[in-house]
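Shared chain: chain A. Partners: chain B in the first complex, chain C in the second.
Showing the complex of A and B:
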């Protein structure tokens, strides 16, 4: 794939802090031009991944490329906007000075008019200190700083976490309008799923520092089925002799599929499966497409289920020697 | 937006660019520390005023009472009649000059504490470093600007302050005033060593800030480390230049402003010294005989004359600067390796 069409490419990426691995063996691709949700529970490694992609540190293992460049190079920095968690700004700087900082530190590609336009549209007082702004105004200023840089990709770390629903809606609209106008790739993290609905067309799901799922949001949902039905009578309550699995045995018709998660209540079962073949309605069960929330929760609850990467997010196999070479 | 409003909006912006002297990281550093810059300049003006007042007061007093080159209990003959004037001179000016020296001596510590330690620590503590790093400037470049620009400013400030203090002490006369260059109080603030300490204070503060990431603990660490280096260098100071060895029959009459390291020890003609308790019990002729028996009929003295003052000060300053450079390099390397 052309490097220009790939916003982020990670292969075998790992990041180790003193307390342990925050990211481990992460391999995925984020195609350019997408609005991608980065989802995972707290401590999944979302912030670590974003800060590495923003060039804030050196990965402990593997390799990471942003538009084909090492994220720590100036070339990559100029192409990436990053809004860190809690939206830091210099609290004693005025709005004007904050924008001037953007201009001074992004001399190659700063767009003063665009940044000022975003700030003015929200009636943010230009001579107020950043520390005295409301949550919405702060977010607007932070986004103005990001977009003034004219980034090809904008990464946001839980940008809406501290906003009330009204402002959240306004900021999401601003973000989407700006991103759409300039074709900016967006990667935004969250641990609250509803924030993403109707906004993201791509998903990257992390849990325990590993990639659990990546790909187009609608295709991910379409690749799975939610099967609800009654357990087969003969197998009901039967335990396997090897003791490896003590749960009830699902209908054998589900065998060609990967069961991500199964729940049994009495003689009823409900299973989320990744289809390996067409899965028709059965005599004793019904099949439906899971909602995005159901899908995400199932994957996050079942760490033993294999990760799913759609072809656009998957990396072609790379020889081990080449990987080692890149890591060094 | 109409053409008229566009014009109205861009015109002031263009006028402004004509006045903008600083760009990029230097602008950000200036914007963050302009308060400290004004405070430093105000301090420098106050120091200069105090120095001019003291220099004028002391030189006038010395001229009026003809006590130039005099000291208590020694010096040229004319001084014997001026002892009271010297006493008066010291009561009037010694404390004032000492206060000036203390203030100047405190500069590197204040710099390390209130400029160096918060430089990086406050940003890491508040997370604001992420704002700067999200722009196009790489963190290493950010760090070097954050450290080296304030460091250069403080080197300049301390250089000027040390020059002022040295000017006052030279005008007042070390021996007459009773404040000698080799005393712990006067050595650093009157010479280039102060510049080295200032650079070291900033470098230590920056390193502590990056390692500890919290402002107040970083300040404490900076103060402890700088104090430790000061004590160590004070201990090494006599060795920073080779002292002059003087062997003579009589107890030598050294210049009043010589830094005597080992005073008048009994020795042989070759300079071989004896323990202080040699012939301690003997008196009169017995003592003379006892000394002659050991061949200890000479006095051995080691000292630094005033002419070696600058050499020692420059060496100490260079040691501090070298240490500061090493620390900045280590800090830079540490930031390269770490993710924050």
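Showing the complex of A and C:
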């Protein structure tokens, strides 16, 4: 679906607030039709990226495009549904009036049946005021507002944060069903990793305002191996003599690979590596594919490991002159 | 009317798409899915399981590659053929395995030893590159 189309393209994107850079030198592509998890610790720049892509605020540096358009233009805004972290709703407005407002604000392509269907499916009382709804009902109403717009891309900022597991499952199912039916691109931020497993087919990982990893979730995992084994006898002696300052001395068989993170416990080592060559099981170690959670944790714990962008997420280097779109 | 319902265990260590493939095959083996049945649509599956729709399609494509189902554009995904049931109590393979396990028990092996031995042999035969 939507093969070849790009939903978001950032090149050299930077955003500076008074307290410093929230985003810095971010370059990536999000292909259309993906369900992408935007992951990173608190303060990584997730909300900043989402609000910029939704057309709020002006980037301090670099360039951002949403379906090829400047996100602040009407053309881009009409294609995007954005659910901010606090799920802004007017508390005194009833559910019916909230949907009416959605229709007024999006006359061009409002889909009343779809919006109402989402609300009704959750037994949300239509005459209740938004302020009196439960957390799950509020999220449902806010999602209905987003989906009623018939966006090509839906951007959600920590949508499940305050929901119980049952409602979380229900909302995720709703989101996935919409993506299945309309091929909607979804970009959803979270800092709870398990929320992603099985949901996202694409990942964008931020840390300290920079892109750490981007690409197809299964390919990212498959590009790495988790190696667990015994340290070579001589090396482990050396390790003990030198102390922790030199870092673990890993078997030389790991040399062709990029070690993202390594831990040594007694005579055992475990290393998460990005393979540079085939990596077979060895006499003294076993090789397995890391889970998404292991992979993310390793990258987030290892800021010095080089960033990894899969070809579909990478964009060619551009001359600096072309990046001056929002030059600081 | 749904003919199969998938149960996705997110933390099982088995990938989501493989869980769908395995559960479909299991249903084909025990006969709860028979040729001509229509598998649920991606939308129906994700509404129930809250997983990514591409994952469902990936599983269905895998099943199609194995000749078990057929994707008919605009109509759905249909079961083409069932899977034999090697676990039937009268099958010779099962009889031989049961006989082997009796001998293993007599020679003092515990259930865990048998499992380890079984897994080692299975790896050797079915995925020799991982041995």
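Basically, the second predicted complex is superposed on the first by the 312 of 328 C-alpha atoms of A that agree within 3 Å, B and C clash if a C-alpha of one lies under 4 Å from a C-alpha of the other, contacts with A are read in each partner's own complex, and residues count from 1 in each chain.
The definition used in the following text is that contacts are C-beta pairs under 8 Å (C-beta built on N, C-alpha and C of every residue); 3 or more make two chains touch, one makes a residue touch a chain.
All figures in this text were calculated on a predicted structure; none of them were measured in a lab.
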In the superposed arrangement, which partner chain does A:173 touch: chain B (first), chain C (second), both, or neither?
second
Applying the document's definition of touch, where does A:267 land relative to chain B and chain C: first, second, both, or neither?
neither
Taking the superposition as given, does A:107 touch the first partner, chain B, the second, chain C, both, or neither?
first
On the superposed three-chain arrangement, identify whether chain B or chain C touches more chain A residues.
B
Partner chain in contact with A:89 - chain B first, chain C second, else both or neither:
first
State whether A:197 touches chain B only (first), chain C only (second), both chains, or neither.
second
For A:149, select first, second, both or neither according to whether it touches chain B, chain C, the two together, or no partner.
first
Intersection of the chain A residues that touch chain B with those that touch chain C:
none
Spell out the part of chain A that touches chain B in their complex, as residue ranges.
15, 17, 48, 51-52, 54-58, 72-74, 77-78, 81-86, 88-91, 93, 97, 100-102, 104-109, 112, 145-146, 149
Per the touch rule above, chain C residues touching chain A in the complex are 8, 10-11, 13, 15-16, 41-43, 46-56, 130
Along chain B, where are the residues that touch chain A in the complex?
13, 23-25, 27-28, 31-32, 126-128, 130-139, 336-340
Contact set on chain A toward chain C in their complex
35, 169-170, 172-174, 176-177, 179-181, 194, 197-201, 218, 281, 291
